[in-house]
Amino acid sequence: MAISVTVWTECGPDDAEIAAVYPEGMHNAIAGALAPHGELRVRTATMDEEEHGLGGTALDETDVLFWWGHQRHGEVDDGVVARVQARVLGGMGLVALHSSAESKVFRALTGTSGRISGWRHGDREVVWTVDVTHPVAAGVPRPMVIGEQEMYAEPFDVPAPDELVFVSSFAGGEVFRSGMAWRRGLGRVFYFSPGHEGYPVYRREDVRTVLANAAFWAAGPAGPAGPAEPVRGPVPWTSRPRERGWYER
Amino acid sequence: MAISVTVWTECGPDDAEIAAVYPEGMHNAIAGALAPHGELRVRTATMDEEEHGLGGTALDETDVLFWWGHQRHGEVDDGVVARVQARVLGGMGLVALHSSAESKVFRALTGTSGRISGWRHGDREVVWTVDVTHPVAAGVPRPMVIGEQEMYAEPFDVPAPDELVFVSSFAGGEVFRSGMAWRRGLGRVFYFSPGHEGYPVYRREDVRTVLANAAFWAAGPAGPAGPAEPVRGPVPWTSRPRERGWYER
Amino acid sequence: MAISVTVWTECGPDDAEIAAVYPEGMHNAIAGALAPHGELRVRTATMDEEEHGLGGTALDETDVLFWWGHQRHGEVDDGVVARVQARVLGGMGLVALHSSAESKVFRALTGTSGRISGWRHGDREVVWTVDVTHPVAAGVPRPMVIGEQEMYAEPFDVPAPDELVFVSSFAGGEVFRSGMAWRRGLGRVFYFSPGHEGYPVYRREDVRTVLANAAFWAAGPAGPAGPAEPVRGPVPWTSRPRERGWYER
Amino acid sequence: MAISVTVWTECGPDDAEIAAVYPEGMHNAIAGALAPHGELRVRTATMDEEEHGLGGTALDETDVLFWWGHQRHGEVDDGVVARVQARVLGGMGLVALHSSAESKVFRALTGTSGRISGWRHGDREVVWTVDVTHPVAAGVPRPMVIGEQEMYAEPFDVPAPDELVFVSSFAGGEVFRSGMAWRRGLGRVFYFSPGHEGYPVYRREDVRTVLANAAFWAAGPAGPAGPAEPVRGPVPWTSRPRERGWYER
């Protein structure tokens, strides 16, 4: 079963700071982590395209949306945010990366600010798996040691996750819940914190495994795992009046 | 310790349909359930007041906000919604009643549509406590039998609750998660479904107990229950750069 | 990928009461619901066999264990209970049916009594899906209407589930959390309440779909859903002393 | 409202290793953290007393039981374990400290092994609050820096907690979920990991605040926080047959 993935970033093609680390562009770096998996059909979209590259049928044709933003959250169009949220409630997966905890789409889906309590550049991050059975942790080294990253500190203003997968420590002694999962409507949301643009984190094999796992997980439990198809289609909670017991229709 | 409660409804003073059941107004009916409790200082606010009665320092001075809306969700000002959400993240409690699952404030805080899957008027609702130790269920009959109410049907598009307190059945055989709790930021959110305006549900002693319990619970764990004051004050997750380990400051 | 399922019941081959409904035996009725699925390799085991049919390598070779008990919980050998629990912590799935909420194995894995608050025979049960995206609810009618069943009433003494899938109502107005999931160690536990021996519940197509879904779900997220194998093998939490940082070994 | 606390440890009065750090005995050190709070009536009990000091009416008269064990888990009598578990299901709080994650009572209540994945002596532990609104975190420095402690490493084989309160990091880069809460039956369970016997951790003011907070929290939501008494008394889930609808009795 093919899964259609759209990788969205706020970065334009000539962002000098990012180009120093990712000359191919941040969106292409993330897409490159997914491309080796044949079941994933990957395209990209960026802020400066029309409707941020998410207009027309783009969202309807997306099974999983990756979101990476950092400096330009405020520029994202509210209409696009509303459509992304509606698509997640309708079944699309969302993988929010790094600073995207403060993005409009993540805030809309969690109801919280996504704020962290401190940060520091150039820190060593050690990512531990606390839920070793979670599909997003499959094949991931325990721990992953990322030599240089941006530190994020707790408390982190997000809802208690439905599933806590990764917890990180930093050289300064801080901790951070670095991998968390939530269900929203018919869709799934995963947050993964490593990935500041100043460090080549998305080139690491272990991080790429997490990204690919997250794509498969966020697509939902479809396919050969069960004997029957899960509900993926039309949103079932269309309100309408009922004259008799619901189950008697 | 006094708790400041604001009861908000969308109803104007001359809403004929509501006046048939609650001649004193829906907001006063709900406020009347809380007034007998000396620690609760109760005021009301309604849609048609300036800034919906929630301008100036009204929200800052509110510890717990009750919200009741049904037909006029779309008329609520987005700026007021944003300020309510910010106050909840900053520590205010929210008690959302009945159709308020589809209100803008509840949707903003949960990230979901709040949609139900069916309804029917004039049904018998039986409300069961599934978490008998929850403070909101204290002193509540098990079950509460509400002779006439509006039926709400699952699936109900909300996040999995942090605490599931009540589950209802209806004469038609439907079920509904009728009492649920979530944490958001420093604040608490409680949803309680009984309360259609066409039936005098908020006059019942058992329902009034739930409303008062919810007010105390949503105010947070302050006060004599513990030896130290919980953090209620300034939001701790103000982002700022750190040069050294956070704990070394 | 083949999944090895063992269906265990307390019933002997000549249990007259059960034979009236399930002449082939309760264990064979449940096994018959799973047999049509080619990936499931199904065997049975019963109380009166040596070591309850779970000795030798039986448990080690089982990926998912179905458990059905009602009247004879006390006769189950504590050593067998300990081995079942250890296997679940090591990755085996457990599907506990009906009265098995009070079985020793379910109690050992949940830490609670599994007690219900009331029961009544010959009641109509309506089973509603509250989590429509859950794999165990895939292809299941919403709702399932079971004309005759035993009523079970809340409160139900179990831990708050990691995932709440089904909620039932009964003709008497009661409600019951009839489908719940928990994670324990490397394994998964699912509880499904329909299935009193006096009614041919396990002959229904919709219930058989739930049983098969539960088998696939409890086996874990292995296989083609992700790009890498989840951890299923040796239990990773073997305690041992470390002289240096764990990640530096 | 007075709360009766029993502090239990495995330590005898002449345990030389412990006496080097806690000449008054481990049990008295923990009790000493609680004694300053007038509402807490504190007594102690130890392994080597008859019935481990928990016979007769001792458990019935206990609202909150602290449990500290390390080397002698296997010596705890299974009958005492069963009675402790039954009391928690009936409403008693349990605060399990340090190595007590592997104690029989904690294992019985969680269904898991309580095993950690590594340890190391003499490490610096930094304890972060991730749920700043939790009563057990009230008044606790963020973070607490414990200069010397025993490192515990994830993964930690416990059920996903109902509430995650503290997460620790260690000098070696490890992380550990050091403060977690679960509900079981009518009772509450809190686990707090700092407290190896070789370091005077329980003499620290910040740790003593956690211990006292945990005592108040584990006692349940009784008292002045709400307008009505929560259910604390006889266990409500006594199974018995019902001829009519439960709510019609």
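Lettered A, B, C and D in written order, each chain numbered from 1.
We adopt the following convention: a contact is a pair of C-beta atoms (placed from the backbone, for glycine too) under 8 Å apart; a residue touches a chain by one contact, two chains touch by 3 or more.
Everything quoted here is computed from the prediction, not taken from an experiment.
Comparing the chain pairs B-C and A-C, the larger number of C-beta pairs in contact belongs to A-C. Residue numbering at the chain A/chain B interface overlaps substantially, since over half of the positions present are found in both copies.
Relative to the C-alpha centre of chain C, the farthest chain centre belongs to B.
Between the Cα centres of chain A and chain C there is a gap of 33 Å. Taking each chain's centre as the average of its CA atoms, chain B and chain C sit 37 Å apart.
The multi-chain contact residues of chain D, meaning those touching 2 or more other chains, are 126, 131-132, 142-143, 145, 153, 155-156, 160, 170-171, 173-174, 183, 236, 246-247. The touch graph of these protein chains is complete, with an edge between every pair of chains. Considering their complex, residues 124, 126, 128-132, 142-143, 145, 153-156, 160, 163-164, 167-171, 173-175, 177 of chain C touch chain B.
Residues of chain C that touch chain A in their complex: 37, 91, 126, 131-135, 137-140, 142-143, 145, 183, 186, 188, 209, 212-213, 216-217, 220-221, 223-231, 236, 246-247.
Residue ranges on chain C touching chain D, taken from their complex, read 85, 89, 108-113, 115-120, 151, 153, 155-157, 159-160, 162, 172-174, 182-185, 236-248.
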